[in-house]
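What follows is a single structure, and I will ask about it in a moment.
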Amino acid sequence: MNKVAVFMKKVSGVMLVAMMLVTCLDVGGNIFGHPLLGSEEIVSLLAALLIAFTLPAAHQERAHIGVDMLYLRFSPRTKKINDSILCVITAIFFSLVSWECFKYAGDLKRIGQVTAVLELPIYYILYAVSAGCGFLSLVVVSQLLKIIREGSHE
Amino acid sequence: MNEFVMAGFVGITVLILFFFTRIAVAYAMAIVGFLGYWYLTNLTAALALLSRDMFDVFSSYGLALVPLFVFMGFIAFYSGISAKLYDMAYKFMGRVRGGLAMATVAACTAFGAICGSTTATAATMGTIGLPEMRRYKYGNRLAAGCVASGGGIGALMPPSVILIIYGILTQISIGKLFMAGIVPAFLIAGLFIVAIFIYCTIYPEQGARGEEFSVMERLKALADIWETILVFMVVMGGMFFGVFTPTKAGAVGAFALLVIAVIQKKISWENFQRAVFDTLKTSCMVIMLVAGATIFGHFLALTRIPMEGANLVATLDWPSWAVIFIICFIYLVGGCFIDALALITLTIPIFYPIVSSLGYDLVWFGVIIVLITQLGIITPPVGVNVYIVKGIEPDIPLEEIFIGVIPFVIALIVGIMIMVAFPSIATFLPDLVR
Amino acid sequence: FLLSGLVFSENVQAGGVNLTYSNFFPPGHIQSVLAESWCKEVEARTNGEVKISYFGGNTLVKAAQIYDGVVTGRTDIGMSCLLYTRGRFPLMDVINLPFGNPSGKFATAVFNEVYNKFQPTELADTKVLYLHAHGPGLIHTQKKNVTSMADLKGLKIRSTGSIAGMIKALGAIPVSMPMPEVYQALQKGVVQGAIYPEETNKGWKMGEVIDYSVVSYPTAYSVGFFAVMNKDKWNALSQEARDAIDAINMEWAIKHGDAWDTSDYEGIRFSLAQGNSMTGIDPDEAAKWKAALEPVFDDYIEKTEKRAVPGKDALDFLNKQLKLYHNGEFQSQYY
């Protein structure tokens, strides 16, 4: 599980560097009268890939912040119940998002929708977003199993 | 009672309660927004809302600048460039209580002239400024509060997306609005600095006074940061002379800093990887937050609460100052729950004829609205900039940050009062050009 | 007290159906005002059977998502632009070609006629209420006036989507960027021009930052817009309501077309008041531009052929109507 999350994060890292380079190529080319037409589209699609593939690792590393004022006053037992319920909700939620993105990708493929300038197909990216959200819900499920076994994670 | 409005209030209540389970704020907004949309329409529509909004935010070009600016910040941090920057600021401003916080506010103002997004400003200045201020033993409250609040200055400083949308909705010249924002932006920066000074006089431990440095030491520190000055000049110059748009400045800045760091062998492969991974983590946090707020915002839009509230004000037969006060109050409360741009598009069409008929200047009103939405991004329960700062330095408790922004909230309110008393602060510059 | 006001505000819901309408045009824009007045008209002429909540300016569903939003039911009715979802409307894309658009009134009428004649499957998953299309799309520049193709060479011109192909064919450099950034980009000289209808000079305040309009009507393009409704919601309406709405649609299509032309006049007036100038191009030069744009039309035909859509027929139909228009013989129920 961890290995996959780390691998996905590495892919995202490559996307980040690519986003930077594509924009710089566009700016550099622009100075010499040859801007990279549609660089915005490439950057937007790379950004979507970047975020989608970072989702599982970001969740594992607790990047998303929550309000802990009340939580810190919970008893260990309450914490365990609270966290288990949250894991169930989150896992169901991101499975839904993943499934919907998968269906949406199919729709866009069928319709033939592409980006405005470069006419790049969008559905590939949506499959990636679907994979990112799907793997995120797997990560949450494994967290749930751990909580049930060992109690709440701090 | 209108079923839709009722559903909206229930949604807001559920969201606030949901927050206390320590669920990720971003997830909570998305889940409650999804359930609310489901209740008001049907499951197919609500599921479509999820996937479309999520993808729309992930692939938004306007938000793609967040990872790029944040990357610039982390390269500066891991190559030691930001440390040198703050060493320099310390040598010049360290004598003054809270001097580094003041320098951070100045940096936020300068950054606001590059970047049109308050979210990106807070994320970038957070990655650069927070660790450095803590290194110099600044209190968490002051350090976090000033980064979270300083990000908002960029909304007044052109370029500003909010002012562009306001101009289109009200048919006011965008050039005029941009000019109207400049002086108030400096006014707010000035008030923030005054707030820091007063705060540090009351709580000296938050921004400890440093030692005095000689002129030579200061000049040497200045010479030490020549690469930063160079990058800043490249980025500002490139924008000023029209080589690239502000959106592209982040990529150019990150690339330029990286080249300098590599040439000077200041960044190792390990630190480069750290910069990349920290950027991913911060960007994912920021963009998920925006995605959650977008989904929840679409639910609130469907309930029509913003429009119904605005319509209600339109029927009030009150003295003009009271109407303006109520409108400001609505933006303040609304800004707590819904994205500033969406709130403005939903309500300005109803409000601006009222404001205009009361005899107020619409350019001035635009600046006031931006000021108030700046308050919204740092006040609970949905203070996006506060959450961003918390995400960057997770060990600072959320309460500490919300307490830390109080002096800046007061400064903003004072700023709004000054602008109400002397509207010409906003209007004299655009009037001059006419 | 605000809360209590909201609680007691009356909501007329007696028996009828409540619909939502999402428009990408911002409130205050004449095209948004018209759509809102369409809602009022529908409410009045269906005798309260239909009530509509109107959302302007991307507040409920964003521009590029509006068609999909109507299909999936996120909104019941929607108005947006065909260009934002490239590839989704291969046949109807014909209106976005530089066919020599003479006016919004003509473009709107002919666009609806194209739809009626070809009944494209690409729009079959919604109920099309009506279509409309803006007036002549022209190049606007800064500092340098353009009277020939040679003047265009090397100029950076902001353009969206398929229009970029036209800019390239004319020898200029197409630059893409989101609409809210264009004002600033022109001001700073990131681009030296942009392509849009005169209307935008006032609507997006571009008149403040440009100096010249290149009035080349023979190569002017248009951009098509749709007003569509969710099919299930449409089928659930009574026959009387559907008939009433169909009658209103016919009237409103004409109103939208006329409004595009009125907005163009206002845009021209605004632009001239800013001290900008407008220059036409002479017929010989226009012929050169038309020849240079041939590949753009070929590309459209090729793409539609690939999708097994009668693009060539649609283009021929459009050109025939244009010819009739120039001879003063164009006839349409939308005109």
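Labels A, B and C are assigned to the chains in the order they are written; within every chain, residues are numbered from 1.
One rule holds in what follows: contacts are C-beta pairs under 8 Å (C-beta built on N, C-alpha and C of every residue); 3 or more make two chains touch, one makes a residue touch a chain.
These figures come from a predicted structure and were not determined experimentally.
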**Message:** Per the definition at the top, count C-beta pairs in contact and tell me whether A-B or B-C has more.
**Reply:** A-B
**Item:** Chain at maximum distance from chain B, centres defined as averaged CA atoms
**Value:** C
**Request:** Report, in whole Å, the distance between the mean C-alpha point of chain B and the mean C-alpha point of chain C.
**Result:** 34
**Request:** For chain A and chain B, let me know how many angstrom lie between their CA-based centres, rounded off.
**Result:** 23
**Complete:** Going by residue number, chain A touches two or more other chains at 30, 40
**Asked** Out of chain C, which residues touch more than one other chain, so two or more?
**Response** 68, 177-178
**Request:** Please list all residues of chain B that touch 2 or more other chains.
**Result:** 48, 52, 61, 243-244
**Message:** Taking the touch rule as given, give the residues of chain B at its contact with chain C in the complex, in rising order.
**Reply:** 1-3, 5, 9, 37, 41-42, 44-45, 48-49, 52, 56, 61-62, 158-159, 161, 164-165, 167-171, 173-175, 239-247, 298, 301-302, 304-305, 308-309, 312, 326, 330, 342, 345-346, 348-349
**Asked** Mind pulling up the chain C residues that touch chain A in the complex?
**Response** 68, 83-88, 90, 122, 154, 156, 160-162, 164, 173-178, 307
**Asked** If you look only at chain B, which of its residues touch chain A in the complex?
**Response** 19-28, 30-31, 34, 47-48, 50-52, 54-55, 58-61, 63-64, 67-68, 71, 238, 243-244, 248, 251-252, 254-255, 273, 276-277, 279-285, 287-289, 387, 390-391, 394, 397-399
**Request:** Over in the complex, which chain C residues touch chain B? Could you list them?
**Result:** 2-3, 5-9, 11, 20, 26-28, 53, 55-62, 64-65, 68-69, 72-74, 177-178, 180-181, 183-185, 187-190, 202-205, 208-209
**Request:** Sort out for me which residues of chain A touch chain B in the complex.
**Result:** 9, 12-13, 16-17, 19-21, 23-24, 26-27, 30-31, 40, 43-48, 50-52, 54-55, 57-59, 61-71, 82, 85-86, 89-90, 93, 96-97, 100-101, 103-104, 125-126, 129, 133
